[in-house]
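Naming follows writing order (A, B and C), and every chain is counted from residue 1.
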Amino acid sequence: MTTSTGETPAIEFRDVTKRFGDNVVLDGLNFSVPQGQRITLIGPSGSGKTTILRLLMTLEELSGGLILIDGDPYTHEYKGEKWVKVPEKRRRVVRNRVGMVFQQFNLFPNMSVLENIIESPVHVLGKSKDEAVADAERLLDKVGMSEKRDFNTNELSGGQQQRVAIARALAMDPEILLLDEVTSALDPEIVADVLGVLKEIADTTDITMLLVTHEMQFAREVSDRVLMFDKGQIVEETDPETMFTNPSHPRTQEFLKAVLG
Amino acid sequence: MNDSIWRWDRAWEVLPHLLEGLQITVLATVVGMAIAAVLGFFIALAMRTPSRWLKAPLRLLVDFVRMTPIPVQLTFIWLAFPTIPTLAVGFSVLGVHYATYMSEVYRAGIEAVPKGQWEAATALNMAPGRTWRAVILPQAIRNTLPGLGNYAISMFKETPFLFVIGIVEMFTEAQSFGANTFSYIEPITMVGVLFLLISYPTSLLVRRMEIRLA
Amino acid sequence: MSDDIQTLIDRLPRLGEAVVVTLELTIGGAILAAIVALLLGFGSRTRSLWVRGPSRVVVEFFRGTSLVVQLFWIYYVLPAFGYEMQALAVGIVALGLNYGAYGSEVVRGSIASVPKGQWEATTALNMSWFHKVRRVIFPQAWALMIPMLTNLLIQLLKGSALAAYITLHDVNYWTDQLRRATNDVFFSYTAGLLVYFAIAYLLTWGMNWLEERAKRRLGRGTKKPSLREALRVKPDVGSESITARGSAV
C-alpha cells in the first residue's frame, strides 16, 4: 500500500459484504475511488447502490470486509485475525471527511436555515460562531438561498430545502460528498435548479463525489466514471460517454433502455 | 440483623385473605368499568350537541371530575350520602371518574371514522339514527376497544383507593392484616405481586388486541 | 353557611400550607418522574440488552403494581430494611417512580416517532450521541410528548392526595379538617375539590404554554393561540396517543 495521499484512493471497498437478514445486498464488492473523482452509481432499484452510500456514512453496519477512507480503516478493521468495529471515537475522526445529502433533505425543523448549517461546524468542528456564520453565508449565496437565511425550514419548498441541505453538507468541508437520489423527491420543474447547483460545485471544487441518481443526463455531464450495479455486483464500469452511448453488458443495455426509453 | 424480615409462614397465612379481597377488587373493576363504558358513551354523545349552553357546563363538570383526586371524591360521596351502601359508593365513584376518560376514548373513536362514511350514508339517504347504528357506531366501537382495555387495567390498579372508605378489597385486607400482626412486609409485598401477576399479562393481551385492530 | 365561610376564612393560612405540601409532592414527584422517565425511556431504546432488559423490567414493575401499594410499601416496609424516610420524601419517591415509569413510555414513544432521517442527518454531520439527542432529536420529540405529559402531571397531582394517609397535611387533609370544623360535608369537600381543580387548571395552562412554545420553535404554531385555545384544558390528544401505550393513568 502506498503512503502518499496523492496516490491513495479516497475511498476503497475491500471484499465488502452486506446482508439484511438472509438477503445478501452486497457480496464481496471491491472498488476504489481516486481522490477528486466523481462517480455515478446506476442500476435497478435493490441493486445495492444506496446501500454503498449508507455504508460509507455509517448509517448501516458492514457484514464483512473493509472500507478505507484515504487508506485509513473507517468502519471496521482487522486486529490480527479478528474483524472488529472501529470504535466510534475513531470513526468520528474519519467521518468528518465524509458528507451526505439525502433524498428527503432531512433538515432539522427545530432550527432556522442558518442554524441548520452552522450547528455542526461550531459544535463538531469547533469553529468560532462568527467564522461558521461567514462560511454559511458564503455557501447560502452559492446555492442561491441568501434571503432565506433566517427562515424556518418548513417555510421552504422542497427544492429550497434541498439547496440548504447541500450547503449544510458543504459547511463541514467534506473531502467526500455522498449524494443519494437528491432530486428524486422534487417536483420535475425544480430538479434542474438543484442539479445546476451541484454542477457548479462539481466544477468549482475538487471534492470526491459519489452519486446515486436517475438523472442520466446529469450523470453524463458531471461524472468521470459510471458504475453499473446489478444484484450487488458491478457489471460494467466505464466513462460516461461509453456507458450511455455504447454499453457492452446486456444488463446495462436493458437497464438504460428501460430508463431512457 | 433480624433474621425474620420476610417470613414465609406469614406470607401463606395472609394469602387467603388477599384472595378474598381480590374478589372485591375484581368486582369493583368490572362494575366500575361497566358504569364507565355506558356513562362515558352518553357523555361523548352529549358533547356532540351543537348547543353551547349545554356543552360548556357539561365540559366543565367533566373536567372537574376528571381533574380532581379519586380519594377525595370517594370520601366526599361516602360522607355526603350515608344511606348509600359503601360498596355502591365506591363502585360508582370509580365508574363516574373513569366515564370522563372513556368519553374521550369514544370521542376519538367517533372522530376516527372517516368522513366519507358519513357522506356515503347521506348519499344512500339513511336516516340519522340508522346512520349511527348501522355505520358509525360499529366502526367507532372497534376503535375504542383498546382504550377500554387499557382503562380497565388502570382502574384495576386504582381500586386500592377504595381503602379510604373502608372497602375491604385486596389492599385493605393486606393493611388490616399488617396492622394486626405488626408486620406489613409480607402482606403489602404480596399485594403488589398479585397486582403485577394480573395486570401485566392483561396488558400484554390488550397490546396484542391493539396491534390486531390497528 | 355564613358560619362555614367564616370557618373557611379562618383556615385560609392552613390552606396555604396545605397547597404548599401538595405542590411539593406534585412538583417534586414530577421532577423525579422526569429524571426516571428520561433514564428508562432512553434505556428502553438502547441496543444493549443489558440496559434495555432491566429498563423494561423496572418500567413494567412500576406500572404493574399500583401506586397505592408502592406508596405504602415504601412507607411501611422499607424501614424494615433500614431505610427510613420522611413522609414527604416517601410521597415524592412513590409518585416519581410510578409516574416516571409511565412517562418513560411517553419518552420512548415520542423519540421513536422522530423520523429516522433526522437521526441519519445527525450522523452525516458527525454529531456525538449526546449532541444528536440534545440539539436535534429531543427538541422535536418534546413537542410531541407535552400533551401526554400534561395528562400524567394531572394524574400525579391527583395521586398526591394519598399523602394525607401517610400523615402529610396536604389539601386532602385540609379538606377533612374543614369538614370536621364546619360539620358540613358538601361545603368543605366542594371547597377542597375546587382547590385541586384550580391547581390542575394552572398546571394545564403552564403545560399548554410550554407546548405552544415548543411548537413555535418547530415553526408549527407560528400564529399566536387564541385565548380560548390557550385556556383549553384538554389538548387534542387522540385516543391512541393517550391510551395506546397504556400510559394514561
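To be clear about the criterion, a contact is a pair of C-beta atoms (placed from the backbone, for glycine too) under 8 Å apart; a residue touches a chain by one contact, two chains touch by 3 or more.
From a predicted model like this one, the values you see are computed outputs, not experimental measurements.
Participant: Once the contact rule is applied, which chains count as partners of both chain A and chain C?
Facilitator: Touches both chain A and chain C: nothing.
Participant: Going by C-alpha centres, which chain would you call the most central?
Facilitator: That would be C.
Participant: Taking each chain's centre as the mean of its CA atoms, which one is farthest from the centre of chain C?
Facilitator: A
Participant: Kindly indicate the chain pair that has more C-beta pairs in contact than all others.
Facilitator: By number of C-beta pairs in contact, the leading chain pair is B-C.
Participant: In whole angstrom, how far does the Cα centroid of chain A sit from the Cα centroid of chain C?
Facilitator: About 45 Å, centre to centre.
Participant: Distance-wise, how many Å sit between the C-alpha centres of chain A and chain B, to the nearest whole number?
Facilitator: 54
Participant: Please work out the Cα centroid separation of chain B and chain C, and write it as a whole number of Å.
Facilitator: Each chain's C-alpha centroid was found; their separation is 19 Å.
Participant: Quick one: which residues in chain A touch 2 or more of the other chains?
Facilitator: Residue numbers touching two or more other chains: none in chain A.
Participant: Touching two or more other chains, which residues of chain C qualify?
Facilitator: none
Participant: For a test of understanding, state which residues of chain C touch chain B in their complex under the given definition.
Facilitator: For this pair, the touching residues of chain C are 60-61, 63-70, 72-73, 76-77, 80-81, 154, 157-162, 164-165, 172, 175-176, 179, 185-186, 189, 192-193, 196-197, 200-201, 204, 233-234, 237-240, 242-244, 246, 248-249.
Participant: Can you check the complex and tell me which residues of chain A touch chain C?
Facilitator: 57-59, 92, 95-96, 98-100, 102, 104, 106-111, 119-120, 123-124, 152-155, 168-169, 172
Participant: Touching chain C in the complex: which residues of chain B?
Facilitator: Chain B reaches chain C through residues 2, 5, 63-64, 66-73, 75-76, 79-80, 101, 104-105, 107-109, 111-112, 143-144, 146-147, 150-151, 153-155, 157-158, 160-161, 163-164, 171, 175, 178, 184-185, 188-189, 191-193, 195-196, 199-200, 203, 206-207, 210.
Participant: Which positions of chain C touch chain A when the two form their complex?
Facilitator: Going through chain C, the ones touching chain A are 115, 117-118, 120-121, 123-128, 131, 135-136, 139-140, 217-220, 222.
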